[in-house]
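What follows are several structures.
Okay, so chain A shows up in both of these, paired with chain B first and chain C after.
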Partner chain A sequence: MKRSFFAALGASLLALAVAPAALAQNSIRIAVLGPMAFVQGEHHWAGAEMARDEINKAGGITVGGRKLMVELIRADTNEMTSVPDAQSAAERVITRDRADFLIGGFRSEAVFAMQEVAMDHKKIFLGVGAAHDELGLRVERDYNRYKYWFRVSPTKSSDLGRTVFAVLNAVAGEIRKQFKTETPKVAVLAEKAVWTEGLIAAAQKNLPAMKMEMVGLWQPSATATDVTAELSAIERAGADIVFTILSGPVGIVVGRQMGERNMKAVAFGINVEAQKDEFWGAAAGKANYVSTLNTYAEVEITPKTVPWVRAFKERYKKSPAYTAATYDAIMLLKQAIEQANSLRADDLVPVLEKIRYVGNGAVIEFDKRHDPVWGPGKSLGIGVQWQDGKLVAFWPPEIKGMQPFRLPPR
Partner chain B sequence: MYWLRRLFRWFAADVLALPSRALVALWVLVLLVLPVFYADPYVLRIVTLASLFAIFAASWDLLAGYSGQVNFGHALFFGGSAYVSAMLSVKAGVPPWLAVAAGTAAAALLGLASGYICLRLRGSYLSLATLAFPLILVGLLLAAPGFSGGELGLPGVPRLTNKPLGNYYIAVIAMLVVVFGLWALADSRFGLLLHAIRDDELAARAAGINTPRYKLAVFAISGAAAGLAGALLAHYMRIAAPFLLETALSFQVVIWGIFGGIATIYGPVAAVFVLYPITEWIGSFQAFGERRLLVFAAIVLVVLLWMPRGFAPWLRDRIETNCPRCKQRNAAWRASCRACTAPLSATERPRASGPRA
Partner chain C sequence: MLQDIVVTSLVNGSVYALLALGFSLVFGVARIVNVAHTAFYMLAAYAFYTLFAKLGLHFALAGVLAVALVTAAALACYRLVIQPVREHEAAVLIATIALALLIQEVLLFAFGGHYLGIPSTLEGAVRVAGVSVPYQRFLILAVAAAVLVAMWALLYRTKVGLAIRCAANDLEIAALMGMNVHRVALATIGVSAALAAIAGVIVAPVFVVDPLMWLAPLVTILAIVVLGGLGSVKGSVVGAFLIGFVEALTVFLLPRGAFLKGAVALTILVIVLLVRPQGLFGIVYEEEER
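Right after this comes the complex of A and B.
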C-alpha cells in the first residue's frame, strides 16, 4: 500500500515536471506595457481590455485541450520621463508578475531597452506603438536573440513615409483634376524637430519626381501659438498644398489659422493633433479641409474595422488611437497560440512568422524583420480629412466607405 | 592571523561602536550577500540601477556640497561618458571595459572643460551656466544623427557581462569603491580645502590656496565619477540615448543630494537607496503607480519639511550624539563618552555634521 502510494506520488510529480506550461497554469498572463498616464498608454490598455473581454466571454484560448482565460497585467512604463523605469517595468512583469507575453511600448528608445529584457528572458514581445526601423533590423541582424520581437503596429518609419507620399500624390492628383494645374505647388510646414528631418529630405527629393514644385520650407516650433508669418509667406508663394509634418500643439494652430485666412491651399501630411476627436473644437471649428494620416476610421479597411471602431467609441466615448492596436496584438496571439497549441515562445515564433491575421486596421503578415508587410490590402494606413466638423476617411479610395477628398473653394 | 585580529579589533572599536557606521557596514554586507539569499532578477536590477545612480549622486555632492559649485547640468558627465563609451563599443568595436575607461576619462575632460569655462562664475550664475552644457551636447548629438544615432541614440551597446549576477556585482562594487573613495577624499585635506573654498573663496585665496586648481580638480574628479556611472549604465541598459542628458536627470540628482543631505557623500547615496526603490515600488501599484512623480514629490517635500538638513544627517543625529568635552561621536544611548568617558548629556545634539560618519 505504502509502496504504491509513493509510486503514484512519484508518477504525479514526474508528470507535473514534464507537463507543458499550459497544463500548469489557469490563465495566460499578458503584460500591457505603456505610458499609462498618457493618451498612448490609455489606448494601449483600452484595446487590450476589449480583446481580453471578448476572448474570455467566448471561453478563453484553447491550448493543450484546455481553455485558458486571458489575464492582463497593466504596467506603467513611465517611459516618457525615464527609460530605465521602462526597462525595470519589463523586468518586473516578466520575473515578478510572471507574464507569458509582452505587448505595447511607445517611445522608441524605451522600446529598445524593454526589447533587451524581453529577449534576455526569451519572451514574445509584440510591439504596438514604436515605429523606428532599427527595432526590426535587429531581428534580421541577430535572429537568434531578437526573433521573439514582432511589430504589430504601426508600420515602420520608412513605410510610414511611403504612405504619406502615396496620399500626397492622390491629393496632388485631385488638384490637377479640379484646377487644371499640371505642377501643384507644395509648401512644406514641418515643426522644428529632429524626427521631421527625414521626411523633409524625402520631400525635397521626391516632390520634383512626383511632378510637384516645392515652393519652400517653413519650420515653426512644435509649441508655436501663432503661425501667421509662415502662412502669409506660404500664401504669397502660391502654394496649392501645405504638406504638414507636425506632432505638437502647433498642429491645432495651423488648422485654425488656415481656416481664419480662408487659404486656398489644402493641408495634408502628418498632423497628430488632427487625429484626435477634440481637434475640431480646439481649432474653434475653423479647421475645415485639414487632412492627415491615421490608423482607424469607420470604413472597411477590413471587415472588422467598422464594428470594432463603433464598439470602441461606445465603450470609451472616443475614437481609438493607433496604440489601441493592442487589441489586434492579443487577437493575433490567440490565433498563433491555438495554431501552435503551445505557449512556448520557440513554438510560437515560426507560427507568427507565417501568420496571416485580419485585424481591425490592417491585414497583418510579418516580413523577415518581423515588421508588418506594407502595402494595399496589408498594413498601409489611411488618409482622413476634417469636413464640416467630422473626421472622414478619403484614402485609399478603393476601400468601402471612403468619402471624396474636398478642396477649399477658390 | 595577526592582521585578521587587528582588523577585527579595528572593526569592533571603530565601526561597531557607532550606530551610523554599523548601519553602513550592514548595508555593505547586505549588498554583497543579497544575491546569495534572494536572487530575484527584478530586485537585483533595482539594486544595480540604484548603485549606479548612487555613484552619480555622490559625485554631484562632492562638487556641489563640498566645493559649493552647484551644478545644474550634472547629466553632462553622465550622458557624455555614456555616449563616448557606447560610440567606441558600437562604432569602433573597442572592448567594453576599455570603452568604459575611455568614457570615464572623457567625462573627466568634460569636467575640466566645464570647470574652466565656469571658473569665474559663482552661485546662481554658475548653476545656470552648467545647466546649459548638457543641452548643448544634446544639440550637437542631434545635429549629427548619422554619428550619434540622433533622437534614438545608440542601441545595442555590448554588456560588460551577460550574467545578471555579474552586472549586479560590477555595479555594486564600482559603487562601493567610488563612494568610499569620494568619502575618503572628502575627509582628507583636499576635502577640507574644498570646504574652505565653498565657505569663503576670497579668504581661501588670501590664505594661499590655489582655488582655481582645486575647483578644476573637483570638477574633473566629480565628472569622472559621474562618467563611470553613466558608462556602466549605458552598457547595462544596452543603449545610450538623449535621455541620459535630460535636464530632468540633472535635477533628479539635485533632489537626491538635498533629500539625503548635502556635503556628506553618504547622504545622497542613502537618498538614492531609499527613494529609487520606493518610487519603483510605487510604480508597481496600479492605483497610484501612474502618479509616481506626484507621490515622489510629496515624499521629498514632507521629508524635507521635517528634516531640513536632509534625511541622513537627521537619522544620524537621532542615533548618535557628540561628547560635550572631546566632541567624539557616540551612540545616543551611551551614558559616557567612549573616548574620554565624560558623561553624555541626553539633550546634547550635534549642531553640524562633519563629512564622516
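Right after this comes the complex of A and C.
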C-alpha cells in the first residue's frame, strides 16, 4: 500500500515536471518590445493592450482544452539611443520574465539584434516596426534557424518602394491634370541613411520611365534642424513634387519650412513623422499639403479598419501609428495557437506559414521569407495628406472613404 | 545664391556665437570644459515650450522666465555637481558629461521622446538682399546681435567684465592680485548659462525641440572654440560666423553632401589642432608651453 502510494506520488510529480507548457501555465506571456519613451513604443503598447483586453474579456485563448489569459510584458528597448539595450531587453524577457512570444521592435538595427536572441531561444518573434528586407532574407537563407521570425507590419522596404512609386504616379497625374504639365519635375529629398539608398536608386531609374524629370537629389542629415538651403535650391530648380524619403525629425522641419516659404511644390513620399497626429503641432501648423505613405486611417482597408481606428481614438485620444499593428500580431497569434492547439513554437510555425488573417490595416498572408504578401487586397499601405490640420487618406482611390488629393495654390 | 549663403550663415552663425561665447568664457575663467553647456540650451528650449506653448504666457515673458530659470538651475548644478570636484579636471569633465546625460534623461522622462514644435512668435517674412527671411529668423539675428553687443559692454565696460577678462587671461595672477576667483567663476557660469538659454529660447520656435537636440550643436561649438582659440571671446564670435559660413557653403554648393556640414566643422577642428593648436586668437598658457 505504502509502496503504491509513493509510486503514484512519484508518477504524478514526474508527470507535472514534463507536462506541456500549456498545462503548466495559466496565462500566455507576450513580451511587447519597443522604445517606450517614444511614439513608436507607445503605439506598440497601445495596440497590444487593446488586443489583450479584447481577448481576455472574451475568456482568453483556447489551447489544450483550457482558456488561457493573455499577459503582456512591457519591455522598453531604448533602441533609439542604444542597440545593445534592445538586445538586453530581448534577453531579459525570455530568460527572466519567461515570455512565450515576442512582438514589436522598431529600428532595423535593433531588430536584427533582437531577432538573433529570439532565434537562439527558438521563440516566435512577430516583427511590428522594422522594414529592412534582410530580416526576411535571413529566413530564406537559413530557414532552420530563422523560421521563428515573422514580419507582421510594415511590408518590407522593397515593397514599400513599390507602393510609394504607385502613389507618386497618382500625384504626378494630378499635377498633369491641374497644371497642364506633361513632365512634372521631381526633387528627391532623402535623409542620408542606408535605408534610403535603394529608394534613391529606384527614383533615378523609374522617374524618367514614369514621364517625370528628376531635377536633383538633396541629402540632409536625418536630424537636421534647418533645410532652408535645400528648399531654396529646390525652388530654384522649379520642382513640382518634393519626393521625400525621411524617417527622422528632419521630416518635421521640411514640412514646416515648406509651409513658411509657401512653396508651390507638393511633398509626397515617406515621411515617418508626418504619419503621427503630433506632426501638425510639431510643425507649428505650417505643414499643409504634406503627404506620405501610412498604414491606418478611417477608411475601409478591411472591414475591421474603421471600427478599430475609432475604438483606438476613443481610448487613446489619438490615431494609431503603424506600430499599433501589435494588435494584429496578437490576434493573428491567437488564431494560430487555437488552430495548432499548441503553444510550442515548432507547432506554430507551419500554421503561421499557411495562415490568412484579416487585420485592421491589411490581409496578412506570409511568403517564404515570412514577410507579408504585398499587393492590393493584401498588404499595400495607403497614401495620406495633411489638409488643414487633419490627416486624410487619398490613395488607393477605390477604397471607400478616400478624399481628393490637394495641391498647393499657384 | 550668394545672398542665400550670407543670410543663412549670419542667422546660424549668430546662434553658434551665443553658444560658443558662453562655452569659451567658462573655459577661460574656470578652466571647465562644460559638456553640459548645450544641455542648458536644450533645457531652455523645453522651459520656453512649457511656458509659452503649454501655459500660454506672452512669448517675451516666457522667454525671460525660461532664461532666468535655466540660469538659476545652472548655478545650482555648479554648486552641487562641479564645485565639489573643481580641483580635478578629469572629474569636472566627467561630472559635466553626467550632468548633460541626466538632463537628457529627465527631459525624456518628463516629455517623452516626442518632437515638439513651438508656434512662430512672429509671422511673416522680410526681404534682405533679395532673400526672403521669415521674421522669426530675423528675430534670432536681432536678439543675437543685441546680446553680443550687451556682452561686449559687460566685458569691456564694467568691473565684473574686467574681472572676468582678468581671470580668463591668467587665473593665478588674478588670484594673487586678491580677486575672489571663485566668485568670478560663479558669475561667469551664470552669464554662460544665460547665453546658452537665450540661444535655446530664440531657436525653439524655428527648430524641433527634442531630448537629443543638445548633441549636434555641442560638436559644432567645440569646433568653433578650437578654431577661435579656447578662452578667447573674440575668437568664439569670429569662429562661430566662420563655421556658420562654411556650413552654409557646404549645403548650397554640395546639395548631395548637405549631411556633411557637421563633418566639415570637425575637419576644421582637426586641421586647426594640427596647424595652430592655440586657434586664431587663442591664449597660449605658460604651463602648457612648458
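One rule holds for everything that comes next: the second predicted complex is superposed on the first by the 382 of 410 C-alpha atoms of A that agree within 3 Å, B and C clash if a C-alpha of one lies under 4 Å from a C-alpha of the other, contacts with A are read in each partner's own complex, and residues count from 1 in each chain.
Note that a residue touches a chain if its C-beta (ideal position, glycine included) is under 8 Å from a C-beta of that chain, and two chains touch if they have at least 3 such contacts.
Since this is a predicted model, take the numbers as computed values, not measurements.
Student: Taking chain A as the common reference for superposition, should the pair chain B and chain C be classed as clashing or as fitting?
Tutor: Fit: chain B and chain C sit side by side once superposed on chain A.
Student: Determine, under the contact definition given at the top, whether A:A37 touches first (chain B), second (chain C), both, or neither.
Tutor: Both chain B and chain C are touched by A:A37.
Student: Between the C-alpha centres of chain B and chain C, what angle is found at the C-alpha centre of chain A, to the nearest 10 degrees?
Tutor: With chain A as the vertex, the angle is 50 degrees.
Student: Tell me the contact category for A:P208 with respect to chain B and chain C: first, second, both or neither.
Tutor: neither
Student: Kindly classify A:D76 by the partners it touches after superposition: chain B alone (first), chain C alone (second), both, or neither?
Tutor: After superposing on A, A:D76 lies in contact with chain B but is clear of chain C.
Student: Scan A:G59 for contacts with chain B and chain C and give back first, second, both or neither.
Tutor: In the superposition, A:G59 touches no partner, neither chain B nor chain C.
Student: With the two structures laid over each other on chain A, which partner does A:E116 touch: chain B (first), chain C (second), both, or neither?
Tutor: After superposition on chain A, A:E116 lies in contact with chain B alone.
Student: Figure out whether A:P404 sits in contact with chain B (first) or chain C (second), or with both, or with neither.
Tutor: Touch status of A:P404: no partner.
Student: Check the residue A:P376 against both partner chains and state whether it touches chain B (first), chain C (second), both, or neither.
Tutor: neither
Student: Which partner does A:S108 reach: the first (chain B), the second (chain C), both, or neither?
Tutor: In the superposition, A:S108 contacts chain B only.
Student: Who contacts more of chain A, chain B or chain C?
Tutor: Greater contact footprint in residues on chain A: C.
Student: Smallest separation in Å between any Cα of chain B and any Cα of chain C in the superposed model?
Tutor: Chain B and chain C, overlaid via chain A, are at closest 5 Å apart by C-alpha.
Student: Do chain B and chain C land on any of the same chain A residues, and which?
Tutor: Dual-contact residues (chain A): 37, 81.
Student: Using the touch rule from the top, collect the residues of chain A that touch chain C in their complex.
Tutor: These residues of chain A touch chain C: 35, 37-39, 42, 80-81, 191-192, 216-221, 223-226, 228-230, 232-233, 249, 252-253, 256, 260-261, 273, 278, 281-285.
Student: Under the definition above, what is the set of chain A residues touching chain B in their complex?
Tutor: 36-37, 74, 76, 78, 81-85, 87-89, 91-92, 95-96, 108-109, 112-113, 116, 132, 134, 138, 194-195, 197
Student: Give the list of chain B residues in touch with chain A in this complex.
Tutor: The contact residues of chain B facing chain A are 40-42, 45-46, 49, 142, 145, 150-153, 155-156, 233, 237-239, 241-243, 248, 280, 283-284, 286, 289-293.
Student: Would you pull the chain C residues touching chain A in the complex into a rising list?
Tutor: So the residues of chain C in touch with chain A come to 1, 4-5, 8, 12, 108-109, 112-120, 125, 132, 134, 203, 205-208, 210, 212-213, 216, 248, 251-252, 255-259, 261-262.
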